[in-house]
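One structure, as structure tokens, below. Some questions next.
For clarity, chains are labelled A, B, C and D in written order, and residue numbers in each chain start from 1.
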Amino acid sequence: MLMTGAPDDNTIRILFLGDVMGDPGRRAVGDLLPKLKEEFSVDFAIVNGENIAGGRGLTPKLAIGLMRAGAAVVTTGDHVWDQKEIIPWFEEEPRLLRPINYPEGTPGSGSVVLDTKKGKVAVMNVQGRTFMKMLLENPFTVMQDAVEKVREETNVIFVDMHSETTSEKVCMGWFLDGKVSAVVGTHTHVQTADERILPEGTAFLCDAGMCGPINSCIGMEIDSAVSRFITLMPSRNHVARGPVKVCGVLVDVDAATGKATAIERVQRMWEEPGSGTN
Amino acid sequence: MLMTGAPDDNTIRILFLGDVMGDPGRRAVGDLLPKLKEEFSVDFAIVNGENIAGGRGLTPKLAIGLMRAGAAVVTTGDHVWDQKEIIPWFEEEPRLLRPINYPEGTPGSGSVVLDTKKGKVAVMNVQGRTFMKMLLENPFTVMQDAVEKVREETNVIFVDMHSETTSEKVCMGWFLDGKVSAVVGTHTHVQTADERILPEGTAFLCDAGMCGPINSCIGMEIDSAVSRFITLMPSRNHVARGPVKVCGVLVDVDAATGKATAIERVQRMWEEPGSGTN
Amino acid sequence: MLMTGAPDDNTIRILFLGDVMGDPGRRAVGDLLPKLKEEFSVDFAIVNGENIAGGRGLTPKLAIGLMRAGAAVVTTGDHVWDQKEIIPWFEEEPRLLRPINYPEGTPGSGSVVLDTKKGKVAVMNVQGRTFMKMLLENPFTVMQDAVEKVREETNVIFVDMHSETTSEKVCMGWFLDGKVSAVVGTHTHVQTADERILPEGTAFLCDAGMCGPINSCIGMEIDSAVSRFITLMPSRNHVARGPVKVCGVLVDVDAATGKATAIERVQRMWEEPGSGTN
Amino acid sequence: MLMTGAPDDNTIRILFLGDVMGDPGRRAVGDLLPKLKEEFSVDFAIVNGENIAGGRGLTPKLAIGLMRAGAAVVTTGDHVWDQKEIIPWFEEEPRLLRPINYPEGTPGSGSVVLDTKKGKVAVMNVQGRTFMKMLLENPFTVMQDAVEKVREETNVIFVDMHSETTSEKVCMGWFLDGKVSAVVGTHTHVQTADERILPEGTAFLCDAGMCGPINSCIGMEIDSAVSRFITLMPSRNHVARGPVKVCGVLVDVDAATGKATAIERVQRMWEEPGSGTN
């Protein structure tokens, strides 16, 4: 375990948690995020909240909950607009991000730079296009310009790339290698095991996985998800219940250069208090 | 590490390696497969060979190479027909599989049952449909019937589910839980970190990952893959070079019941002899 | 104009109207269908009703309305299940069809054979798969068997192929040429101009078009449809208002052989009474 | 027939022909285009040539052939780069267009303004994104700026929108209504029957259809196209033979205002000399 000791003063330790699924995910993250931050001496925590409102989007209240639990920034993805009340709230809360590759004039922002004790940390949120329903602007060309701008303020840049295919995320990792501190994917709700630091110093993980019930189909009830593949009929799908796994990743970043020095996946089981078999 | 000791006589240890990418993957697997089999006391090895011919399909010669290296069965996926000469060879070699959910009359078979010292082992190969170019028959209904038939011969059944999305693979895992020994995904070329044994005894891993060059975009050269996302123009893509990672999974199966008793991911680096920096 | 006179006793004249869009489409068809039937001496009318409930599915009441207006059969498509209350009603009304290529056990039927004064007429409804969200069973193999069965009862068979791409519909036309009387496409909401009788006697039209407001984006309000392509944000879309065009096709079929003898497209403008500029 | 007489001096009559399919389409257009131009007193002809090289792209030689036959401008679409030798030729021939919504730096141009006896005529070529394999830049925002620029030179603007879905093309028509003279779709290879002049003066047709063999699946051989839907296996597909239909559209444009005053679809059968049954 690389990250048991506290990082030194020149190292910013970032914890990122993947898509939080509904109430079970929310409760698990509310409970575990403060503990994980302490356990790993985390300097800066980011959480993807696109599925916290019953699997579909997020509300100001739910985003505030994530921030109170310790998230400095909440990222999102294709579900960002599912709850209409979040739209005006983007104007009030710069620490809530939506994918950066929406056209100009879209509510909210896709990046934010925050001050920390160890220096400025930027978070960027971008969405892929392959097999995604809504075709945003080209994530590569948008990021090229946007990263350059952010780098005028800080080299410590964490990117949440919300995307379906491995190839688009892997290419983004290589594309931004040496320009950002980390590219971590979200959206598939299954954590990948390909964490590494690319040659120019960018930490990469294809998908952080979700924070949601393990006995589920990527967070939703199994029965209706499976039966939809068989009956081919639409069916209401609800967030599943039961034990939750909180999935994410720790990245150590050199505060001066913005280069990643370590990356480590995190998976932590959580059960509703009182739900045990004792 | 669960699997360092040899399995007992009632346990069949299966090693599965994900999509072998071109020449680099072929050489790495040719070298490492025998070593991994010995190191882990593997009883039965399966390799997905759909990308071994320069990333596109496989030839009889290349499939024979995988078998000589120790693969009892070679599975495939959407690239199965890329090399035309493989088509007639399916009739000769029952240990080469294509996805089972092609219509009747398609060359080859999607399942095979083989005798081993510890009893019969079945391998099945099925392809998902979501976001896949060629829309095969319903993998769920096809597997329902096919698994039942195979179970008349053996309970020890390993399934390679070749599929794009996590949801379709996870649902197949739940759908077959208790009916097969393992459901392991392929096709995304990135190993996932969600290995587990489902409640009814089926080992599950969303994707085994690939056996291919690590400095690549899921096996192909980085530059042309990245530039395609930026220029939006088609470009010839070749298998990348350099150090290879061999990715797969070990599954221990109770020979009598067919239930999985352990699952463990495998990742092993390999470099071309003489390619080192010394 | 081929079809002004009444057909002879051995000729069954079928009128098919494409997807009826919401209230405007419903009122236009309610008014024009009886008139068109009389004007063209139609023996048998079929209407696709998948969008009649505000663009999304249909209810028993709305289906009954189409039948009262003169539709012998109501066909549907991918929107068939949008209104849940239609599901049980399928059991009561065999003249309401859903795509035939759902798996066994699905509510409703994809074909019906009805008696007419000039002999039995069959209607079949099948859904394509390319670019369609829900991947039904293979429409070609399903139709091969289903058509054979229906032909035991009658050679007069009208097929509504609900599908996105021209290639899938054109191929279905060729595939069924000589086996059914007509293959007419629906779903794109734009009438095509490729009507013809294929060499073996099957009338073909790639898409019948819709019965809906002309100042619209395939039936929905223009502004939100256009702005969605620009803002890339989801937006509520409502059925548009204003003048309606009723689109469909007339097919003459030899009652004995089931061969089509004529095909002619129909387009008829309709305006809400009292909405004129007088 | 609106367009039998010659247009007056203030009216520019434009003939547009849809995707020319392979050799049969090339020969038919080579023969018919001069005749159609004369018959309809056409001032300006445009031909989509994206499929002229055996269905896949075009070569300089083939493009020159279309121009010699009377095309002032040749437009393309998603197949534009299929023949590599066309790429450098774009720099030499401004009358060959590729979709305008490629990023800056892409070879070629998506618009051209040409002098005619009756004034300047602009042609623009843009590609849709829904269900298209290569995701170009947003066609709406790109066209918004590009049209404005072209309008500094002329109001007479013909747009070839190469796109799969009706909704994307219809929305483009509404989006550009009053800003360009005509928006005509290509790519589906089936002519639609929805020609009209939109309220602000833009002529619209969802798809012009192809210039190719009628006994085909959108230009390709029937047998392999149909069998691919049944066997689900890839198969080589060739351009079909036999009688050809040349499909396109005539648009009359007011030379001063750029408003369309008439639109009329064209379909003309053509048979290889000597191929008749006499």
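Operating definition for what follows: a residue touches a chain if its C-beta (ideal position, glycine included) is under 8 Å from a C-beta of that chain, and two chains touch if they have at least 3 such contacts.
Which chain is which protein? Per UniProt: A, B, C, D = TIGR00282 family metallophosphoesterase.
Worth saying up front: this structure is predicted, and the values here are computed from it rather than measured.
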{"item": "Other chains in touch with both subunit B and subunit C", "value": "A, D"}
{"item": "Pair sharing more residue contacts (C-beta pairs) when A-B is set against A-C", "value": "A-B"}
{"item": "Homomeric contact subunit C-subunit D: same or different residue positions, threshold half", "value": "same"}
{"item": "Length of the line joining the C-alpha centres of subunit A and subunit C, rounded to whole Å", "value": "45"}
{"item": "Centroid spacing, where centroids are CA-atom means, of subunit A and subunit B in whole angstrom", "value": "29"}
{"item": "Touching two or more other chains - residue numbers and ranges from subunit B", "value": "103, 135, 137-138, 141, 230, 232"}
{"item": "Complex interface listing, subunit C residues touching subunit A", "value": "81-82, 102-103, 105-106, 134-137, 230-234"}
{"item": "Sites on subunit B touched by subunit A in the complex", "value": "131, 138-141, 164-168, 170-171, 174-175, 188-194, 196, 199, 206-207, 209, 214-215, 217-218, 222, 225-226, 229-230, 232, 265, 267"}
{"item": "Residues of subunit D defined as touching subunit A within the complex", "value": "103, 129-130, 135, 137-138, 141"}
